[in-house]
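When the chains are written out, they are named A, B, C and D in that same order, and each has its own residue count from 1.
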Amino acid sequence: MSKLYKGLREEAFEGNLGISKRGLAIYTWGNVSAYDSHKGIFAIKPSGVEYDKLKVEDMVIVDLEGKVVDGKLKPSSDTETHRVLYHEFVHGSFGGKVAMRSICHSHSPYAVAFSQARRTIPVYGTTHADHGAFEIPCTEIMDEEAAKGNYELETGKLIIKTFILRGLSLLQMPMVLVAGHGPFTWGENAANAVYHAAVLEEICKMAHLTLALDPQVEALPDYIIKKHWERKNGPNAYYGQQ
Amino acid sequence: MSKLYKGLREEAFEGNLGISKRGLAIYTWGNVSAYDSHKGIFAIKPSGVEYDKLKVEDMVIVDLEGKVVDGKLKPSSDTETHRVLYHEFVHGSFGGKVAMRSICHSHSPYAVAFSQARRTIPVYGTTHADHGAFEIPCTEIMDEEAAKGNYELETGKLIIKTFILRGLSLLQMPMVLVAGHGPFTWGENAANAVYHAAVLEEICKMAHLTLALDPQVEALPDYIIKKHWERKNGPNAYYGQQ
Amino acid sequence: MSKLYKGLREEAFEGNLGISKRGLAIYTWGNVSAYDSHKGIFAIKPSGVEYDKLKVEDMVIVDLEGKVVDGKLKPSSDTETHRVLYHEFVHGSFGGKVAMRSICHSHSPYAVAFSQARRTIPVYGTTHADHGAFEIPCTEIMDEEAAKGNYELETGKLIIKTFILRGLSLLQMPMVLVAGHGPFTWGENAANAVYHAAVLEEICKMAHLTLALDPQVEALPDYIIKKHWERKNGPNAYYGQQ
Amino acid sequence: MSKLYKGLREEAFEGNLGISKRGLAIYTWGNVSAYDSHKGIFAIKPSGVEYDKLKVEDMVIVDLEGKVVDGKLKPSSDTETHRVLYHEFVHGSFGGKVAMRSICHSHSPYAVAFSQARRTIPVYGTTHADHGAFEIPCTEIMDEEAAKGNYELETGKLIIKTFILRGLSLLQMPMVLVAGHGPFTWGENAANAVYHAAVLEEICKMAHLTLALDPQVEALPDYIIKKHWERKNGPNAYYGQQ
């Protein structure tokens, strides 16, 4: 096992533990990867290993062509989905600007409920607007041909297609629901990707509780969405210590 | 107390603690047993003892005729249900192939809710499909004659009848809801039977949250169910490290 | 402070901690008392003291006429409700047979929801039937005259009247919901009264989740209710180690 | 960093930790401030710092004109909302009587759900009546002009306007929901402001569960609301040890 990837393995490892610590999945139902843009490789959870048995050195190093570069275990069965998204981060519509370098997949129950109900989540409140000025997209159900092909790769392509159809870039909205499946989120690093997974679950829980009170509830007016988004994320953002 | 059954007692004991650790029942409301196919006996929780007072040596050893073979305490009041299921595992439609050797009964709240509402659970998402390619069956309400007879034995027979009517073997689906009562699950060992109980509760919670968003929600298309089931369980399964 | 009441104070103290440990109320919103039938007095939580600051010696000793016999603090504001129920246990329809000697009042959220919706809870499943063969009663809303009089005493009288109208004795059903308020439970000792409070909350949660799936869900048939009640509580009970 | 504000900083710090300890917000989504009426300044959480990294000395000291008086970090982005409310406590309708000297803002999920559904909370039960004899108000959605102006200051003004329109003083009801956003609560000190935030979340949870059982549920009769409010808060209050 090469020492070259120690830092990246540690980042991915801590991210995977974050899934368990934040209650975003039970047993092995989730995975986090972290990308190194200089080396063009990413570290990802091995397939089917429980969080409390996971070790740093178990993280598998995979390159952008999907080849295992280092590691003794098989990478996550969702590796192809991660790979397609990193490919898009690097070569896609961002023109090489790799602002996102970690991906998190979980099975948190409220996010799964919206995925299973195949519903996007309108911006019902400022908790959502603080983290994204748009609906959280939900993909279509994958068609039969794609599902029978390279299923995990097609999942990544379905996510990218969903963003293109909405005219959204993956930088504008770090969260998506895959219909009938569950959430994928991304971020600047593993901690941030897991943060977005926890935020998504909380937004979904709040939306679920809100819809129970009023199934026809209106979304926030655009001027409040804009205000909250910009105070945290715009050029004149004044939230936080930067 | 014979030392012959030490390993089996420990396995059943750890399984019973798992019910409490995973939050699948409060107080004494659940029980796990583990079967030894060579000796033809199983170890089961004693009746009415709380999880935090349970000791390894409290596990009661019972044979396939229902006779207590070893142990100072009375076995679980649900022992006859376990016994009938083991009988089916050994002598039933599997033709002697004992792939399942542990049973778990719990009162986890979402699974109980579907049992009380007497509803099977369609495959709404991949979390379910990863663990079974079929609806999770719910039995009929037991009829009066059976309930007034050997109630716990009849519960086991009701479960087996439910599978026969659906053309399902107990190996294809390790979970069932008993109408008006609650869940029974099984597995290759005690940890696996408890795993299935936790999985069932999570699937039920996700289904409950989904139905609240859309009471007419469609099940997953068959081709996605098949894909997820096979990537974890089919002859070409590629999930996990085996 | 007299040493005469040490054991009783300890029992009531442990019961009060049980409310917090079992998550049945936050802050000070609940109280447990324990009765000594020889001395004709009970120990009860002091008013407005948080569980994590409570000490054994804080328990207040009160007699059946409502006089504080020992203790430096004011007893719970609900003391009169407890007193009326003990009076009924001792002098009421049981003819002096004091089988119940502890009372627990909590504000657990699912039980409060049914209280606020002013609904009794039919026997939807065996979890309920294991603990009582009847609907869990909910009182009427207290009338204006009673509420303006000795409110807490009237709460106790309202509970007793609710049981009389249903032809139930307080021994047959150790739980009640006070409309617009919350649950009271009782038992053979403080641990048992708190056990019934935790059971009630779990039954209410299961009923709530069930009604969300089917608002018209049927209760269990009487023959299954009877079977489950009798296997735990009837003359031929076979549950537990006795 | 001046030692002048040590006590106030500690109070605000403990209050902010209370948000996390009581589960009222994840990550940084909440803030508590504490006011010193002699010095005319308040201590408030710094912007964007997570609870588990927060230190006492991080608390920022701000005066009633909004100027940072002491501290190395930027104050919470919600500082202007706190400032407007303190201004009202000091100079507003209370005529200088500063009974309230701490404010808590959280994003607890049930309170957010009612905020997002833009609903006031009627007094459905005694848990609510114990803490306030009135509906918990929900503001209108902020209009566009206000949202584009000094947004956080306008949030404070919207809260005050909501109370004026209802003929309520901020002393009579220590809780409010800001439509599309979430709850603000206040109290005699930081512990009490956080207490009110936890109480509000519990009342919202109970109301949510009640409305699921009966969307047309009636509020408590006025004579019971009055009774419960007065036994804890009226001139003849008899709850607690005072």
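Miscellaneous remarks
Going forward, a residue touches a chain if its C-beta (ideal position, glycine included) is under 8 Å from a C-beta of that chain, and two chains touch if they have at least 3 such contacts.
The shown structure was predicted, so the numbers you read here are calculated from the model rather than taken from an experiment.
As for how the two copies chain A and chain B face one another, under half of their interface residue numbers coincide. Ranked by how far their CA centres sit from the centre of chain A, the chains are topped by C. Inter-chain spacing, taken between the CA centroids of chain A and chain B, is 34 Å. Here the spacing of chain A and chain C, counted between their Cα centres, is 48 Å.
Of all residues in chain C, those touching 2 or more other chains are 212, listed in ascending order. Of all possible chain pairings, those that touch are A-B, A-D, B-C, C-D. Across the interface of their complex, chain B is touched by residues 26-27, 29, 46-49, 73-74, 77, 107, 109-110, 112-119, 141-142, 144, 147-148, 151, 180-182, 208, 211-212 of chain A.
For chain C in complex with chain B, the touching residues are 124-127, 195, 198-199, 202, 205-207, 209-210, 212-214, 217, 220-221, 223-224, 227, 231, 238-241.
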